[in-house]
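My questions all concern the structure below.
Labels for the chains are A, B, C and D, by order of writing; each one numbers its residues from 1.
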């Protein structure tokens, strides 16, 4: 059956890949008996047994290290970290080991390892709301993936699993379409339009490093990631009604980054707004801005605008949380500010 | 006595501050009996006793956590992490705890904590050569300091110690002027000119967020950090002989970042090259580039150029290590490329 | 244990229980911000330990922190208002359920990262030792947390520095969905104490008298410079891991078995039978607490929301 | 122990010793890239353990890794050339002293982050168990590493998953400059095993016979599905922590005391006295090794440097 939610698309990808290759093993906290905090691995224990679908102690160092050791010796582990914030607990293993071992060893070894982790703010305060892609973009040796639709999620996860390098695979909580543990389903998916493309029940992969133009347009380039892709599409639709033709680019993979598509778009539009849910300084948007300032400067008719979380942890109270997250209205205003600038 | 080396400047700052305030305590691996991997804390155990200068187990989580707990309850710890690469082992404590506790607790507590750590590549391969400032710039709630001279080091460390927030204090190995444990003194300080300003033996502080123009000039702005400041000054001197008048700005603190000084300079020169020793993507230079592309775009006569380590871990062999680090000649070429561009 | 202490502890346990029962209802019946992890069933641990603590002793807590906060003396109004994300919350709506703190009573804060509070408590213990005034510091954490690196490093540091810290492991059988026997190959977490050279003790965490007695010894030892202790309190959570989590990974029988030893019921029996208190005395305490909780709800309802940009005040001191 | 094994182990120990003595000279007499941490004094540990291992068993090592590599069977030419940062180094000049590895003999690599190899070895053990072919995995690490979170988490995971891993702690008294008694409040790190529900054993790390005997049991148990073991080998490093570090933090007397139990000397005595070998046999081995080491130096000298941009090949597979 076609997967209309990211949670189902990911599960399909896991099942299909695990059926294909018995070296693929899953591990993580509460992924087996419970089926995962966001239900991605639900039912997989029954299908593949406890040698391949393993609950772990709450030991992010050990489970990441063990996944690395297993990957170095022939398995292909897919590790779930319950919230991406907890990657901080495994940072040495991810960034000093997984990312560097092959390099330091002169290419003797491959590390076919996928680390999946949910990102995004959903009312859980500063330690459960971050979007930490940039830390890993800043760590050579890691690939960084961040899908925004079920279609992309499935195809990219399959590519990630087949890749012989460590891949950080980020999943936005509001896009799963599934409830967090014991919670009401906090989700944004019902609200999304056809841009939230379902994943067909068939074997396909999406290559890394190819951005997807989620909506084409001529007046201004918007680069967005994850949940922000959809917020930007909505903003684009509204702006369309006002006669502003927005192009929305979803890089899908941040490492490798499809600079060409972004630069071409800016060459066409002369304007760019970058929208991401991580914090501003040294973030996703900073990098994309720098790429543009280096490669497409003379095409720019307006300053490069970043719309990210200002430099603050995420506050708990909903009114404050929403104040720091990029909102549709704010995105619209920022797009307008570059469109009307320099005309 | 005036301190001609950063190692001495830092030690002076520690001694003066510890004499001033008995709540200041030091901890870290091998800092007491041994005097610190780079000798910064040499002699301090004898001066202040083992209650205030503490060797620790090799336990980066615990020593960072303990420093945070102590800071929350009234002490003012200065923690040394032996190489900044090992901050990865303490990432949760630094980024999820130290940076966020005050925020999550609605301002009930102050965290007067300084974390000192050496950065830079000196022939020790991928796990001992990184410059990880950007991870911490990307973590709201932390201040980030990176001095390039004895004068700045002393004044900034005093400010850091007196600050009521967690401060990441990065020190470049080649600028200490001291030997690493048991090693030959790998140092670049003998080679530096008067820009490597000594620290007077007196009490002074340098405010955070004020960049220092290490050399003023009119043709092109160069922003550089740490050891790269000196490499850029040398490049600037050579370019001066060719009639290119380079301005070299040392931000000194990356959080807060003195955007004004950088933007003003670009408004004047119309050209900017950013030189840093961290890796390119989502790095220090990306952020500064983005600030310029957002705030000074219409002043730019050339693309914003970043000169950083390409996206690679640091290789061991000297010939390869030097190939990935920004070299004087490369800096000169990049500066020329923006100067001759668009004229 | 004198009557005053007994009644104090009883009231605290009832406060925690009723506070959370109220919260459960609130989450069912109206939109509440965030989530919560309930402490029902584990009240004897927080209360038995904190009964020994002064205001200037320190406590670090976990994602399951309401009980520790109330036991340490945080005002219920402030805790409730924080659950409502109100400006009057003890953290001004900045932290919510997982980060409740009140420095005025030494509650350094609930921490949402499993295990992370352990070394922080060690650090607070360092301050205590440095000051030399006999203060102590307590870290509460779960069975799951005992497998984190932070547990190992934090306890070892406290042990070798002989810090006045009590490490209280609440072994409630599960870390989220996972039974402790599936995350460690030992039966008693307290046995890990030997690996740090400190005393370790297994305590019946459903019996507040035993918790009180054993933690009393540990606190005393710490105050006198004897260094840290690891107390493992065997307990059970009566609710799901968080909010409405259904706990399909455990059996109804197991739950019912543990509920027979409900710490409040057990203590009531003791108070009525051994301490000869009257049912009515207890009922009055219950009624007082009910009023207090109701008042905290209306306090929260009356309280203003934070301003959207209040958060800016708290990023840096 | 049969004669063949004894001579094999003797030769390995001598190889390690002479390899490092040569290196020390090289570092003194010519510009060598990077730094090094010497294993002199600890040879019995690596050799005694690795004597039980097959090529397809796995080992993770530390910053002090030359001994483990040679003991596991990495070609000396490749190790030496890596020290010279040559293209012919076993890691092509990418890693140097702290990252020597050779997958063809199951040496997964020296790792420069203290403790980090422990969970990685657990992961290799997971592969062994998954394959079910009786392979095992060994993690070497120091006394200092035993205070890292990675130690705790990694061993616990291996214990609860019953992985075929031998955790070999080389307690050489110091972690860099710091005596183990100043970093932990216990005398034997092996005692920590009980906290994970696995066997722990203290071994005389200067006596290769004892290391061989005890590690043999652990390897056997692991191969048969009996799970992990923690072996603490009491040993001592005869040189500074790294390169020319002077070790002012320890006394000459302490060093001399330990040198009396030089593992190579001890083993020679055994070979000559108990196994009735002739001095000459041993001398010949020494001479062979000398030639081998000299050859590895000239191999390294003859070898080409890497190209400046060779590193690009190794960032991604």
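Operating definition for what follows: a contact is a pair of C-beta atoms (placed from the backbone, for glycine too) under 8 Å apart; a residue touches a chain by one contact, two chains touch by 3 or more.
Note that the coordinates shown come from a computational prediction; the quantities given were computed from them, not determined experimentally.
Between chain A and chain D, the least number of touching-chain steps is 1. Chains touching both chain B and chain D: A, C.
Chain centres computed from CA atoms place D at the largest separation from chain A. With centres set at the average Cα position, the gap from chain B to chain C is 41 Å.
Centroids of chain A and chain B (each the mean of its C-alpha atoms) stand 31 Å apart. Centre to centre, using the average C-alpha position, chain A and chain C are separated by 36 Å.
Taking the mean of the C-alpha atoms as each chain's centre, chain C and chain D sit 45 Å apart.
Residues of chain D in contact with at least two other chains: 91, 93-95, 99, 111, 113, 147-150, 153, 156, 160, 182-184, 311, 314-315. In chain B, the residues touching two or more other chains are 56-57, 59-62, 85-86, 88-89, 92, 96, 103-104, 125-127, 140-141, 311-313, 315-316. Taken as a graph of touching chains, this assembly is complete, with every chain in contact with every other. By the touch criterion given at the top, residues 147-153, 156, 159-160, 162, 182-186, 191-192, 194-198, 227 of chain C touch chain D in their complex.
By the touch criterion stated above, chain A contacts chain C in their complex at residues 29-30, 33-34, 55-62, 85-86, 88-89, 123-128, 180-184, 311-313, 315-320, 322-324.
Looking at the complex, you find that chain D touches chain A at residues 58, 60, 89-95, 99, 101-103, 108-109, 111, 113, 116, 118-128, 130-131, 137, 149-150, 153-154, 156-157, 160-161, 311, 313-317. Every residue of chain A that touches chain D in the complex is listed here, in rising order: 25, 51, 54, 56-57, 59-75, 77, 92-93, 96-97, 101-111, 140-141, 143, 164-165. Across the complex, chain D meets chain B through its residues 33-35, 85-86, 91, 93-96, 98-99, 111-115, 144-145, 147-150, 175-178, 182-184, 240-246, 248-249, 305-312, 314-315.
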